[in-house]
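Paired with chain B in one complex and with chain C in the other, chain A is shared by the two complexes that follow.
For the complex of A and B:
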């Protein structure tokens, strides 16, 4: 059983290491799927529906097929089938240039019989709504969860809060849109994919084309963000490969921004009606919620709740509501930000009602000891004692406030990764595994682990990931699982490679293995010292190549987090200006502190967009999205980002994943800070000036 | 986008002839708006006349009569120009908060004044709205959070320009070149409100006309000007409401002023009502409040944009108070 124990004293683990691919990325040398250009490559493009609902009655590809430069056109829906949302795929073309492909899809003719659509959550639930899914009143079965004795809980409550909270549909908005370059060589398919799961994508391609998996190779050297939306080929990947097969030429098909925003996933919205009670001593005693959300036509809407805090008596009811819109997909901590925003707001409201400090109230109900320490650390960092004792009581037009939010995530990783470490006779070291770096820095983390074990520097290690060819599988990068799944296997592979080298050297000079010490770039054998290169050169014609194995003991799940926000609200304009965010995150054993802090910053920035800016807008009249572009769909830019104090809270734990937990508490912290500033609560995200002004006027 | 021919004239005088009068041609300057429209098939001109091929249109020059700015001066040129910063502050501030730095580096003053509306129905390639020749304004019955509270009907766009309110407030004149030669008119008269007969245009330019330059009068003593823009996303956004103020003051007394609102109407919107309250008066918080109320007396909000009335009222008050503090 391996341990990180000794290694924690290392000069690399938990220190600041620059990203290995950083220079390549900032100089444009890194090749993303978007940058892959193959000899004879064609450009694919998808014709999408501009209507939200109707029956396809005719589809004529011939005008496109007859255009010069168009090499293939294929249908993506059969005549007679129902079109169910704006952006649904109708057909795809492959052409010599991007422009010809764009013209070609406009030349395709299709007809439809319109059907009534619904894109509004409330309307979809009403009895007059068209039935658009196989759910009664477009609502999925209720998921009900109960604990304790709710009635008894209410009788012991001294204070009760009832409120309705809601959150928007948030779109992943990956900087690199979904897409692939597909190339056939006989029955062998190679795909460059912007994916967070090379092996999963290989499996899906193989199934779709009824190929043995070993006939498909998927490559993702660099990719521009997935956030949970990129786990398989999707319709666009299948279309790219089909067009490539039909034309016998490689095809690149990347989604347009509009296609990306409308069809490549989103975080479902949420509406919840919640009632909760606490005793005057500060104990949560009852919690009842009924809530729903829309994931377009898909499932997966929902929210965590009760969240983080312990409630002895509760009843929760959750369900999905269908609308004619692109389906939701996993999105950085699915269901958690929705739940956390509502729960954190609710806790704030209850604390005020029983006359208790909000943080104190949380501590009384939060069983997680790590988070208790995080509360203290964050409170000190933000200056919790400066918080308005009476919300909205600060004088003046611009009012400041401070708020707190909490989060919890699993992220413990799991079995299934194969990894290999090779030591070559020229001293080069390769670490090979089938994971992929979706921007989180696993490439650098692998180099750090191997270098740490072998007494080298991360830049000495060649990390080969994002390719199925070596046949060393690893899982998809989701659920904050990548580092805790990959690190143990890489660590044990490096340990095995080191042991092999030691045994080889010991045998060579005929000493016991204990007399060979590998440290800080050199190898000591008894009284002799060799450089790493010299030691490796004794391998001659041999190469050391060792696989690692899963080791439960090297990783751990369960990451607690707390965030604090200070805001300044202009009560005349409704504008919320962020002053500072403090994010304290349990990160387990940190491999790369620089990447960890960067991950925290990224999560907070995503949370800022969720709290204040982002919102997919659907138009009831046309059934279309009105802001499937980067102007009207507002992600946070540089000026929206305040000072972020990213605190990787060191604990005596093992490797865990933190990609997701760091985005969970942000919105709740901001919403509570807004309330603390103005004394009026906005219970609906995003908190935009119109909502703040309206809330102030209604107060 | 559709195919088009690209013409590089050598001399300004050629442009009206090249444009013809069939509405099938467009001039292109920075292209930051036009190319987006063409890519989304909102506009599909057959000919683009490239103004960048004509030298000298980007000059900014001060003289005895004031300041002349060529239509091809970039927004960054204007923001960084010391004379404009000093004497025409509202314009420097307005140009400095347009879109993003990248866009300001290529976007021109002429283009900023002639840019098309941002209404999301207008910008949706598949929505045949009134502005594009359709028969209804979708904003009226739909989602109109960002639409007009003044001067709307039959469409309810807001004019998206930041520099326009500033220039109108500063008393700018615009020089227009057409087939029949040049004419110079007050910029305020350049912008038009939609009418039933013509809901398509935001200004008086005929198809073969272009803006060549903007002229600003000499600054009057004891005059300050400023531009305040409220937006959801500071990094890159159009105004929810903006205000350009030019105040000639003596102590706390406002001798004369210009208050032009942006983001609230299909054209830069002069608040005569607020001006009347403030003109010749000693400005106090209370008077500012009254001016704000007067400014929105005739506001006509739609289903989702009543907050703009509050915003406008508060912004007028803020501008008045700021002018004398």
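For the complex of A and C:
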């Protein structure tokens, strides 16, 4: 079993390393799928439904097909089928230019018989709602989970809180929209894909076109954000490849911003009615929740709960509600931010009711020791003792408050990655594996691991990822699994390559392997010292090429996190201004501290949008989204960013993933800070000025 | 409502004319409306680069009169706003942009000329991009961003400057930021024909003989990028800020960069990078 050794002594592991892709990205040289221009390439575009529901009665592609510059038009739905949401694909075209493709889409004629739609969660559950999918009253089966003796729990409770919490539908809003460039050469398909899973995408393309997998190549050199929404070709990828096949020319088809916002996934909403009880000594004893949410027409709505804290007796009931809207997809820590916001708010409410400090109450119910340390560290950093002792008691119009939130994630990685490290006779080193870099920095992490093992610098390593061609598969980048899945295999590959070089050199000069030491860019053999290049040149016609293997001992799951927020609420305008956020995140063994801090910042900022700004707004009458653009759908911008203290809580354990856990606690911390400031609780995200003012008015 | 030639059911219309680089916002009231808009659209008009957003739906009168039976049914479905849902939906049925505006006059025009692109004229423009002159044939509607990314010069050479990104396609995100005569401009909001005679600099043109601009260096050093898709826009915008204001405070940096969006959440390190580049450039 391999070990990371004493990482703190490494000059690379856990230190600040600049991203290898930095120079390409700041000069515009980094080519994303969106930037791929192939010789003879056509531009694809999708005609989407503007109605939420209806039966397609006619579809005429001929006006588009007859336009000069249009090379192909294909249907994406059969006449007679039901259109089920705004943005559903009707047809696709390929044309010489982007503008002609847009003209062609407008020229296509279709007709339909409208059907009654529903886009509101509550309305969909009512008896008067149209039945829009195969669930009774548009509601999926209840998932019920029970533990302990709930009745006994209530009898021991000294304080009980009952509340309803809700969260909005959040849209991924990847800046590079979903899309592909597809190119056929005979029966060989090459696809540049904006994807989180090159191998999964290859498999899906192969299945769709009934090709052997080795006839499909998927390339993702750089990609502009996925956040859980980019795991397969989707209708758009299939359409791109089909158009390319039909025209015999490469086709680029990227979703428009509107298509992206309406159809490429979202974080489902949540409504939960919860009741919980605690003893006056501060122990949670009973928890009961009934909750639901909508992810559009699909499943996958839900929330974690009870969350983080131990409750001996509980009953939970959760289900999905269907509406006529684009379906949800995995979104950075699926189900957790919803659950955490509600649980963190609930914990605050209970603590107040039993007259206990909120942090003390949490510690009494949180079994995770790492998080206890994080609570202490974060409390000191934010100045927890400055918190309003009585919520809302500060004088003045602008009131400040402090709150805390918690999170927990798995992220331990898993088997399935193949990786290879090559040492060439000119001294160059290649690390090859089939993972992909979403922006998390795995490319640089791989270079750090290999360089650390071989005594080189990360910039000495050529990392080849994001391509299925070398045939070294790796899983999709989801669940914060990438680094803990890839790192062990890369590490063992580098170890094997190093061992091979040592054995080669030892054999060459006839010494035992122990006498060969590779360190800090040079190789010592007995009393002789060779530079790395000189040592590699002894390989002559040979190349060292070693595969790594999975090693359980190099990775670990279970990352705990805690965040603290300080806010200032204007009680006249309802505006919540963030003052500071402290994020203390268990990061296991850190490979690149710089990228880790970036991830923490990013998670917090995603959480800020979730807490205060983002909300997909559907219009009940038309069944259409009112904000499927970047003007009206508000993601956090430069002006919304407070001081953020990203603390990578270094536990020196083993490698883990943190992309997701860092976005979980933010909304709860902000919501609790708002309460601490104004003494009135807003139980619904996003906490917009109108909700704050309404809450103040009703108080 | 039947036979209405203008747009009675429309509550508000927002028009952006983007042929001057900066969008003009025109809010047209119901009474003041002189555009023939038959459908609620949120689309880019192909001939005039016009973005329209409508607050409510106009009725497709042509279709209603053509289909008397439908019309009869519709009468029973008129909802409380006085708007027939069926016609409302029907009106959207073609997927067509149904508004045309002569850029300066907002005169009425027939909707269908816009849908086919048949009357589009082309012109050859001379553009100076990163100190190199290109001759490119464009349509009046072609944006500068489209030329940079997808344009082919008259010699058949792809311009292929793909650093500037199309993200929102309506001047909301800054992903396509470039410099025009030294000022930062959203290239998705500027027509190519309006860029003639101006000096255009893209992110590809910032480095000097392979030596990175201090802003670019600072972005790398401070990890002011993750996925990197927004990075070219931020880099260019940051350079423009420092050209105007060599000593920005953090608040000024935040205010100046509020026209750029990053979804990965790199802002804190971007602010650090800009501050650090400012020091370096002294």
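Note that in this section the second predicted complex is superposed on the first by the 695 of 699 C-alpha atoms of A that agree within 3 Å, B and C clash if a C-alpha of one lies under 4 Å from a C-alpha of the other, contacts with A are read in each partner's own complex, and residues count from 1 in each chain.
The working rule: a residue touches a chain if its C-beta (ideal position, glycine included) is under 8 Å from a C-beta of that chain, and two chains touch if they have at least 3 such contacts.
Here the structure is a predicted model, which means the values were calculated and not measured.
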Have a look at where A:636 lands relative to chain B and chain C in the superposition and call it first, second, both or neither.
both
The answer to whether chain B or chain C touches more of chain A is C
Kindly classify A:280 by the partners it touches after superposition: chain B alone (first), chain C alone (second), both, or neither?
neither
Give one of first, second, both or neither to describe whether A:415 is in contact with chain B, with chain C, with both, or with none.
neither
Looking at A:22, would you say it contacts chain B, chain C, both, or neither? Reply first, second, both or neither.
second
Scan A:606 for contacts with chain B and chain C and give back first, second, both or neither.
second
Partner chain in contact with A:81 - chain B first, chain C second, else both or neither:
neither
Of the two partner chains, chain B (first) and chain C (second), which one does A:573 touch, if any: first, second, both, or neither?
first
Tell me the contact category for A:386 with respect to chain B and chain C: first, second, both or neither.
neither
Give one of first, second, both or neither to describe whether A:621 is in contact with chain B, with chain C, with both, or with none.
both
Residues of chain A at both interfaces, chain B in one complex, chain C in the other:
50, 102, 621-622, 631, 636-639
Spell out the residues on chain A that touch chain C in their complex, using ranges where they run on.
18-19, 21-32, 34-35, 37, 43, 47, 50-51, 54, 67, 90, 97-100, 102-103, 105-112, 114, 173-177, 222-225, 227, 256-258, 438-441, 594-595, 597-599, 601-606, 621-622, 629-631, 635-639, 641, 644, 646
Under the stated contact criterion, what part of chain A meets chain B in this complex?
50, 102, 572-575, 613, 617, 619-622, 624, 626-627, 631-632, 634, 636-640, 688-690, 693-694, 697
Going by the contact rule at the top, pick out the chain B residues touching chain A in the complex.
1, 100, 118, 120-121, 123-127, 138, 141-143, 145, 230, 232-237, 240, 304-307, 310-311, 314-315, 317-318
In the complex, chain C touches chain A at residues 40, 42, 44, 46, 57, 79, 81, 83, 85-86, 88-90, 92-97, 115-117, 139, 141-142, 146, 149-150, 158, 160-170, 172-173, 175, 202-204, 206-207, 212, 215-216, 219-221, 223, 225-232, 235, 253-255, 257-258, 260-271
